[in-house]
Amino acid sequence: MTGGAKVLWLHLAVVALLFAAQFVLPQYHATNLARIMVLAVYAMGYNIAFGYTGLLSLGHALFFAAGMYAMGLPLWHLGWMPIPALILGLVAGGVVAGAVGLLALRTAGVSFMIVTLMFAQAGYLTLLYLNTATGGDEGFVIDRANRIIAGTDLATDTPRFLAALGLYATAMLICLWLVRSPFGRVMVAMRENEERSRMLGYNPFQVKLTALVISGLYAGAAGAAYGLLFGYVGATFATIQYSILPMLYVLMGGAGTVLGPLLGAAMMFYLIDIASGFTDAWLFVVGAALVVLILFAPKGVLGTMRERGLKWLP
Amino acid sequence: MAAVLALTAVGLSLVFGVMRVVNVAHGEFYMLGAVVAWFVTYYLPFPPALAWGAALLIAPIVVGALAALADITILKRLKYDPEATIVATIGLLYILQQAALTFYGPDARPVPAPFNWRIQFPWFGYSGYKLFVVAAAAAILLGVWLFMTRTKAGLIMRATQVDMETARAFGINVDRVYAGTFALGAALAAAAAVLIVPIQQAHYLMGHDPLLLSFIVVIIGGLGSIRGTLIAALLIGLSDGVISMFYAPTLAKIIATLLVAMVLVFRPQGLFGARA
Amino acid sequence: MAALMQTEHLCRHFGGLRAVDDVNFRLDQGEIHALIGPNGAGKTTFVSLLSGRVPVQSGRILLAGEDITHLPAHARVKKGIAYTFQITSVYPRLTVFDNVALAAQSAGAKPLKPAVAAALKRVNLTGFDDDLAGNLSYGHQRLLEVAMGLALQPRVLILDEPTQGLAAGEIEGFKALVRSLVPATTVLLIEHNMDVVMDLATRITVLNFGQVLASGTPDQIRANPDVQDAYLGGHDD
């Protein structure tokens, strides 16, 4: 079996496993898995910017929330149907990412991180400020009636799980195709040695902007899906925490790997879940995980595996 | 307020200037200063003035030591790689914040002021303590400036800031300088918190706003330039008050954050700094 | 012979230092042109101005008659100027294949694999495809750089001190490689190794203190007293 086919089979197998999981797992965990899959899509988007292209952004919550609110607000105020709303959410994520990128990509490194953080903060504060329109701090619940697509009620477990799985599988396969395409190679080249890439004829600004917009599309799609599938839109999703979580998932699972985000999301989700059982201070675990990871395993689980032998893992 | 902000921001600026790392956990050192102050005043059976004075001495030392520890165990191992340190300090932020939550609790608790003294001017009354805060902050900053420019230790720090490799070649123990700088930055933040805590209360989330404000100040003033930081702190501290009078506080914050982003994008040196 | 690249009154200074001072330069199609001069003469700066890595302060740069003075570096690469770094700058964590592929796909090569194979073959690096570039020996990394330059299908290939650090045998192979490149590609070469320069170059330009000291055939340069004083170790009167 050639390298290419092997990779494809592995990723399809993961999808199949996920599909099977809903029959095997108790409902609590299956719903968790649905959450994890949507969050993994968000993390995959982050991975495209951070893991593959080397853009350390602390503002991705802005794109996630943009998707969520672009989906939720029309449903709430304008009476839109769910599918157009979802698409709007997807597009919103990309558009906001593009706008931010146009400005933020004029900086690099630490400055880029701070600028993205500032934009995300401004976004969060704007959501709070416009609280009559957006529901402010409390957010708003999505009407049950609005969560029905083509006759299936997404608020029930199985359709919800399948929708999440469908989203994840599509996103993951697109990501796989992307990183193995010529553009994927260019993203990595930009991360590894920007000056060299420039001297090979690649426009750094364009490449980074494209990567960021793709990243934003993923984040927007995830945000919109999360809001629709779990029925709640809130400003907490725009806080700094939600910019840090995808970074954490990616670091844990393996930055620059396609399956890393899913693994990281699953591991962290359960780590936090277990920790919350013990203490209110579960963010401590987040912090400790970040420190431990960056010190001892900066490549994450799959990244370290790839270093140690599984060279063909994309 | 501006004075305290200046103190905190200078701490951050110092760390960035010398070590070239962004300490996202800086706000938490501030918070810890306040928390330690509370512990000190609560447990030491001295009259308020003395207890507070003790806190002013003890808190910075404790927090500074903690910072040095963090530097030695974590940051040094990462070789001060900019992106890795950011991630690590974010982790540190959560660790410190949540540790405070666990041991100190989620409530805001007041710390008694060392003295209560109102000055009555004909046109407005002003708390004597607030004036004292400004004076104390100014004194500390003056001390820091003297230390940096007049003493040998300060010279060493400045040398390391300019060129780490050359400093190392000259036999300066860069690791210790870094640990010391990190500690000093944290201690400054802690001191600032101790000064402010009789006016505000000590709360485990109180590091959040000072962190953002310090970032804003340091960036607008110019990363690594102490003079710029001071001027920016004054500007922002005072204007924060002014803007809040005219606009809702949230809107003010929105404007402030966007302003910072724009400054970084279009004028990365800030007002006074050299290109980082 | 047609002029492929030209500069007119090209200037670049850094503060008080005039790195490139009113340089009029001409690169003819199909030649091997060497740029020599003492350290600090401005050679790398000049070449950085040509490739777009450093912005021009005054003067013009023309490529086949087209004014490219303000064109950004990556656009110049697309127009046919390739630059190999003085300090080897490959992607150490990527495979040899990926390194060259990045160059080839930038030049629009379809299909990709044969183009990569062809470039590697020209520098005698066939078979190293799956090795990590960082694991190659220094000499091989230099060759990889050249392969990447070639894969860009450039009109002008700028080589910045390419033989630095190469063993004698590798230098011979390198000379043969460069000879095989012209006249399809034009080569501009910065070199300190005088044997290589005299052997390879069709024309030589000598820079000193940012200015052109002399320009001509190897024999003319060798005989030029100013050049001898500045660079070759004095002259007999």
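Some observations on this one:
Labels for the chains are A, B and C, by order of writing; each one numbers its residues from 1.
Here is the rule we use: contacts are C-beta pairs under 8 Å (C-beta built on N, C-alpha and C of every residue); 3 or more make two chains touch, one makes a residue touch a chain.
What you see is a predicted model, and the numbers here were worked out from it, not measured in a lab.
Touch-path distance (fewest steps) from subunit B to subunit C is 2.
Nearest to the global CA centroid, when each chain is reduced to the mean of its CA atoms, is chain A.
A separation of 51 Å divides the Cα centre of subunit B from that of subunit C. Averaging C-alpha coordinates per chain places the centre of subunit A 33 Å away from that of subunit B.
With each centre defined as the average position of its C-alpha atoms, the distance from subunit A to subunit C rounds to 44 Å. Across the interface of their complex, subunit A is touched by residues 51, 53, 72-75, 77-78, 82-83, 85, 89-94, 98, 101-103, 105-107, 112, 148, 152 of subunit C. Interface residues of subunit B, counted against subunit A in their complex, comprise 22, 74, 77-78, 82-84, 86-88, 90-99, 101-102, 106, 212, 215, 219, 248, 250-251, 253-254, 257-258, 260-262, 264-266, 268, 276.
Within the complex formed with subunit C, the residues of subunit A that make contact are 182, 185-186, 188-189, 192-193, 195-204.
Only residues 56, 103-104, 106-107, 109-111, 113-115, 118-119, 121-122, 125-126, 128-129, 244, 247, 251, 279-284, 286-295, 298 of subunit A touch subunit B when the two sit together in their complex.
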